[in-house]
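Each chain carries a letter (A, B, C and D) given by its place in the written order, and its residues are counted from 1.
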Amino acid sequence: MMTVEPNPKYPIVKVGVLGASGYTGAELVRLLASHGNAEIMLMTAEKNAGADFGSVFPQYAFGTFAKKLPKLIKIDEITPAQYEELDVLFCCLPHALTQEIVMKLPLDKVKVVDLSADFRLADVKTYATWYGHEHLCPDLQKEAVYGLTELMREQVGKARLVANPGCYPTAAQLPLIPLLKSGLILADDIIIDAKSGATGAGRAAKVGALYCEVTEGIHAYGVASHRHAPEIEQGLTGAAKKDIVVNFTPHLMPMSRGILESIYVKLAPGKSVADLRECLEKQYEDEPFVHVLPSGVAPQTRHVRGSNHVVMGIFEDRVPDRAIIISVIDNVVKGASGQALQNMNVMMGLPETMGLELAPVFP
Amino acid sequence: MMTVEPNPKYPIVKVGVLGASGYTGAELVRLLASHGNAEIMLMTAEKNAGADFGSVFPQYAFGTFAKKLPKLIKIDEITPAQYEELDVLFCCLPHALTQEIVMKLPLDKVKVVDLSADFRLADVKTYATWYGHEHLCPDLQKEAVYGLTELMREQVGKARLVANPGCYPTAAQLPLIPLLKSGLILADDIIIDAKSGATGAGRAAKVGALYCEVTEGIHAYGVASHRHAPEIEQGLTGAAKKDIVVNFTPHLMPMSRGILESIYVKLAPGKSVADLRECLEKQYEDEPFVHVLPSGVAPQTRHVRGSNHVVMGIFEDRVPDRAIIISVIDNVVKGASGQALQNMNVMMGLPETMGLELAPVFP
Amino acid sequence: MMTVEPNPKYPIVKVGVLGASGYTGAELVRLLASHGNAEIMLMTAEKNAGADFGSVFPQYAFGTFAKKLPKLIKIDEITPAQYEELDVLFCCLPHALTQEIVMKLPLDKVKVVDLSADFRLADVKTYATWYGHEHLCPDLQKEAVYGLTELMREQVGKARLVANPGCYPTAAQLPLIPLLKSGLILADDIIIDAKSGATGAGRAAKVGALYCEVTEGIHAYGVASHRHAPEIEQGLTGAAKKDIVVNFTPHLMPMSRGILESIYVKLAPGKSVADLRECLEKQYEDEPFVHVLPSGVAPQTRHVRGSNHVVMGIFEDRVPDRAIIISVIDNVVKGASGQALQNMNVMMGLPETMGLELAPVFP
Amino acid sequence: MMTVEPNPKYPIVKVGVLGASGYTGAELVRLLASHGNAEIMLMTAEKNAGADFGSVFPQYAFGTFAKKLPKLIKIDEITPAQYEELDVLFCCLPHALTQEIVMKLPLDKVKVVDLSADFRLADVKTYATWYGHEHLCPDLQKEAVYGLTELMREQVGKARLVANPGCYPTAAQLPLIPLLKSGLILADDIIIDAKSGATGAGRAAKVGALYCEVTEGIHAYGVASHRHAPEIEQGLTGAAKKDIVVNFTPHLMPMSRGILESIYVKLAPGKSVADLRECLEKQYEDEPFVHVLPSGVAPQTRHVRGSNHVVMGIFEDRVPDRAIIISVIDNVVKGASGQALQNMNVMMGLPETMGLELAPVFP
């Protein structure tokens, strides 16, 4: 939370954050605080406009970095000149509203990383089905790049509009896409049992997210109806080159940060768990953020907490021809703001890991 | 924690508890405290012999009920006369030691409810494979009754030795056995993703069970190698009348009590989720402890916390011909001490719910 | 959560609950469920009127007891006949509204236990100062009895309107009143550092009560301005026969249930910690719910969780002439619904512990 | 967890860590990972000697930084040449053993920051009284500098051996020493009610530190007998220039990291809370890590989590002439490894905040 010295080899990137009063907004600020080469020029929060960011997130009520943060304003208060001064704009707004705002932005001047779901589904009909209204800017959708960085690096590098992936889809697609592309697993029998921390529910006041309703228990929600299912299926379908429907069952559990997905797959005929391991190890061997654990070791969410890392374990099942893949991320970092920053780095030609070198916080 | 008045319609049952210093021992005492017609005659704890139970579990350091508890002694100190005075003996000892102790008990005088795994596996070879040593009393194994009360009531009622089911197997078998018996689901594609609270790890001091290692995170353990897998498979195999191997993947999460199992099954040809629901509703309609939630409602562990209830939800999957069954219990109650008491009630001809009427403790 | 058999020695008490959709309402139902001689005739919840209680608190969506609960209605829907049929009415309504409702009740027909703060402060001016509006029924205030059961048993037994004490004041006054009455501690230097679980904040959706805002941290709130301060001072002033102002500093911490108060006092000249201990032991030796731990043993909130017990420890300080008293309760039970039921029992001539025999739930 | 680029303006500091398998060891590594100008040359762990650090702390089983960590060795395996190659050695060993080890170190070659209590008490008699054995190297004690950085910066800068302060004493002394030095508060009536997270208990396997024993509850421990009391008193006595005995009551609560201390003080005659505030604001106005919140704002442990910050709030009490000071730190950072690194920076002439710029991790 101090001013980190910029690396003189790289330019200073001027960024804005729309919708800074949610957990993803706060996390962007945390990561940008240790970036060094990013300067936060504007931050919006409709309800808290006029306030200091530190009054909304008290961890920013002190410290040298915090003192330099701009006051929160309303989106309507942003002038065209302010937009044009920016290099990158992070959108952390609700869906639908996001399309309304983004369609009016000067994308030739400012690049956008959108953390909402509004530009993630390439098929606007699928979007309409799952989000309950027509897509407002289908043309813009066409140019949006799905920002699963490790698998879309090149496209992200050229994009003006990046749709930052959902948290669950990030943890699911990173292991599954390479396996499907390589034909190592069957496409029609994928079960994703996901466990998420409560930041996934956002910072809105809801009874279901109260401490007393979340602590010391677990439950499934959105069974067979969660909006991240079509997002996952879109990625897997692209990889398998055939239509895929997955079982995706998310659970809410008492932790603030973290997603663990236990993924149950069937091996393609003649394939083994060793083949799966080899495929994923090869795919990610040079990646700074994606790691495959040795045989027999199970990943834990707490070991990636606060970091942008993705850790996977691969297990042979006792059931013949089945394998278990376990994938963990911090949903607020790699599942949201960290991947957004990673995408920004790629878009701006900065080192991809800048501001994301933080070690996991355990215990 | 007070003396509950006995119900004069029923006799007083004299009970002993071997291994009372673990969590299941403490829970037995809690439930017996509100039973009314049970009197605790002896309690053992090797390391804490000589101490008051209230010095081991401070919630029993006060109150009228607590004052009447016998001092902790060593198993070796129990006299034959003391054993014979008992009606029921609860064994909460480690496996292997349990067989050693139980084989010497006067089973013609005292009935035994064993909470360990030592008499759960009918096939002593399977036992040897999974527990690492030969069964010490295979003859006794033959007469042991697997105490999944709702499905084994009659046999439990006649038993001298009841093997109280494991926590995970209880939550898995109650929904799956009726479905397999009715041929509604396929036997060869059952995936059980289980999430457990930390009492399941017991009260022994282990780094992996420390607060800082468990809070705010989740991980799988015993992947494809947990000892409850053969126990589940034994029950399902019996129901399906064909050998079954299941995927069983347990996870440790930050809660003290509770198990949630998300069970992924394939429908038998021509069968529907409505058929599954009808089967389970019919099976359990008169059961005081087992409940099927209405369509669309997902069970939560916290809503059975502290109680002997089992709650299930049944969901249609988006993947064709698949269904999701979610089952929750309190692992310390229905998954251990509560079911043990339920079995005692059945064995002694008492009302099955006696001492188990407690409402769930939420929040 | 089953129907407990009534004790034929005592009458059946017909009760109503106004404001049943909060945590104290749910807890009343939990305790009444194991009472046996209480029948819940009506329950209100303005926003959820028309719904089953089990849809608001899913732990009551199953079980025989739950099925007999009346549907939730609005207060306005209650007929005079319905009120008159009741023996006892529990009010779990917000302050101010409570006075409005209670002043219209037929108190000659139905006794009231009010869980709000509306009748706790005998001095209506103090009430106005701290609650921001004039007392609406000062005459009724005069007859209201402050229901700190152990110290007001006789008055409660004769009361028509009992003001059930606040959670913090219960834990503070039970140790302090006898000590002040006996002149063992100084009246002008009492510091109460209180730590509370999150049920104390109620079930309303507030950002500050979200899981992510409460877990893994602690903070003080209402420093030198909490409304329970005047309630505590009222009790202590009465005991000391001189005006008392206390330091009362509450903290919110990550637990659902429980209050621990660390109370720092100065000994009166010539008095010792042994004198304090003797006083409290004597005061509470025959009380079923209040317990003084042996020297050197510190009480823990988890050891009273789910129960109506109050446990105290008394410690010599290293600072000369100072003592430390630590007092724990379950804020939802002895701090609210449990004490309310205890008061009901006293008002109706039932055994005081009826429905409250539950042992603490630990772990 | 990646290699951070060194700042070419400063030298590379070669460090060793004795006792790296505890929580403070892991935290040192986390902070050093983002330091840039520190190189970890050796790490010891008696029980885990021969293992990778990542097998002890799985968050270091992956990532570029982790791969460069040296294997764990035993202390006995360290050669003199290895010691002499180091610039700074961090000792995270148990007390008593620490003195044994440190007294043999070549302090003219390698500077030591000791995180144990072994060199914190200047008076070796006090040490013997509280730690149960004679001090083994009283001469070395004389040169040890108590490393409360903000108040001892100059001495730390010249020291060969720094005794890193305890967690509780850090949070207590930073507010109290300036106030006592200025004569603003009375010396004989200081009450420190402290609440700590469970990392304070270390990583040893103890029943009392198990998840199920810590979650959802709170209790005091070491009442009037905690070893941090004399350490606090030493600092306050020095500031007040008169002997001070304090009330210090620590509590264990369910959080991994964090300490909150509610400190109750009496104002010196004629002094006001405004005077206290002015004193502390002035004392810390230029400090990067110590912050005084505006009037009326209460600090929360979660807002300093993972960071080296200290945040204080100052409150007027309703009791005349009393004030409340609330102080929060992350006990693993400012209360241990963070302050150790801060001291290293000062000792080596590096910018004091290097490696400590991390923003708090909330939520």
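Note that in this section a contact is a pair of C-beta atoms (placed from the backbone, for glycine too) under 8 Å apart; a residue touches a chain by one contact, two chains touch by 3 or more.
Source: prediction; values computed, not measured.
Enquirer: Among the chains, which is located farthest from chain B on the basis of C-alpha centroids?
Expert: Measuring from the centre of chain B, the most distant chain centre belongs to D.
Enquirer: Once you count every C-beta pair in contact for both, which comes out on top, A-D or C-D?
Expert: Top pair by contacting C-beta pairs is C-D.
Enquirer: Take the average of all CA coordinates in chain B, do the same for chain D, and state the distance between these two points in whole angstrom.
Expert: Distance between chain centres: 45 Å.
Enquirer: Starting from the mean Cα coordinates of chain A and chain D, work out the distance between those two points in Å.
Expert: Going by mean C-alpha positions, chain A sits 35 Å from chain D.
Enquirer: Per the centroid of Cα atoms for each chain, what is the distance between chain C and chain D, given in Å?
Expert: Whole-Å distance between the two chain centres: 40.
Enquirer: Mark out which residues of chain A touch at least two other chains, giving numbers and ranges.
Expert: Chain A, residues with two or more chain partners: 23, 197, 199, 212-213, 215-216, 254-257, 300, 302-303, 305, 363.
Enquirer: Using the touch rule from the top, collect the residues of chain C that touch chain B in their complex.
Expert: 1-5, 7, 23, 26, 29-30, 33-34, 57-65, 199, 215-216, 256-257, 288, 291, 293, 297, 300, 302-307, 309, 311, 332, 353, 356-363
Enquirer: Going by the contact rule at the top, pick out the chain D residues touching chain B in the complex.
Expert: Against chain B, chain D makes touches at 23, 197-199, 203-207, 209-216, 254-256.
Enquirer: Which of the residues in chain C end up touching chain D in this complex?
Expert: By the definition above, chain C touches chain D via 188-189, 191, 193, 195, 197, 212-213, 215-221, 223-225, 229, 245-249, 251, 253-258, 260, 262, 264, 298-303, 305, 313, 315-320, 322, 324, 326, 328, 363.
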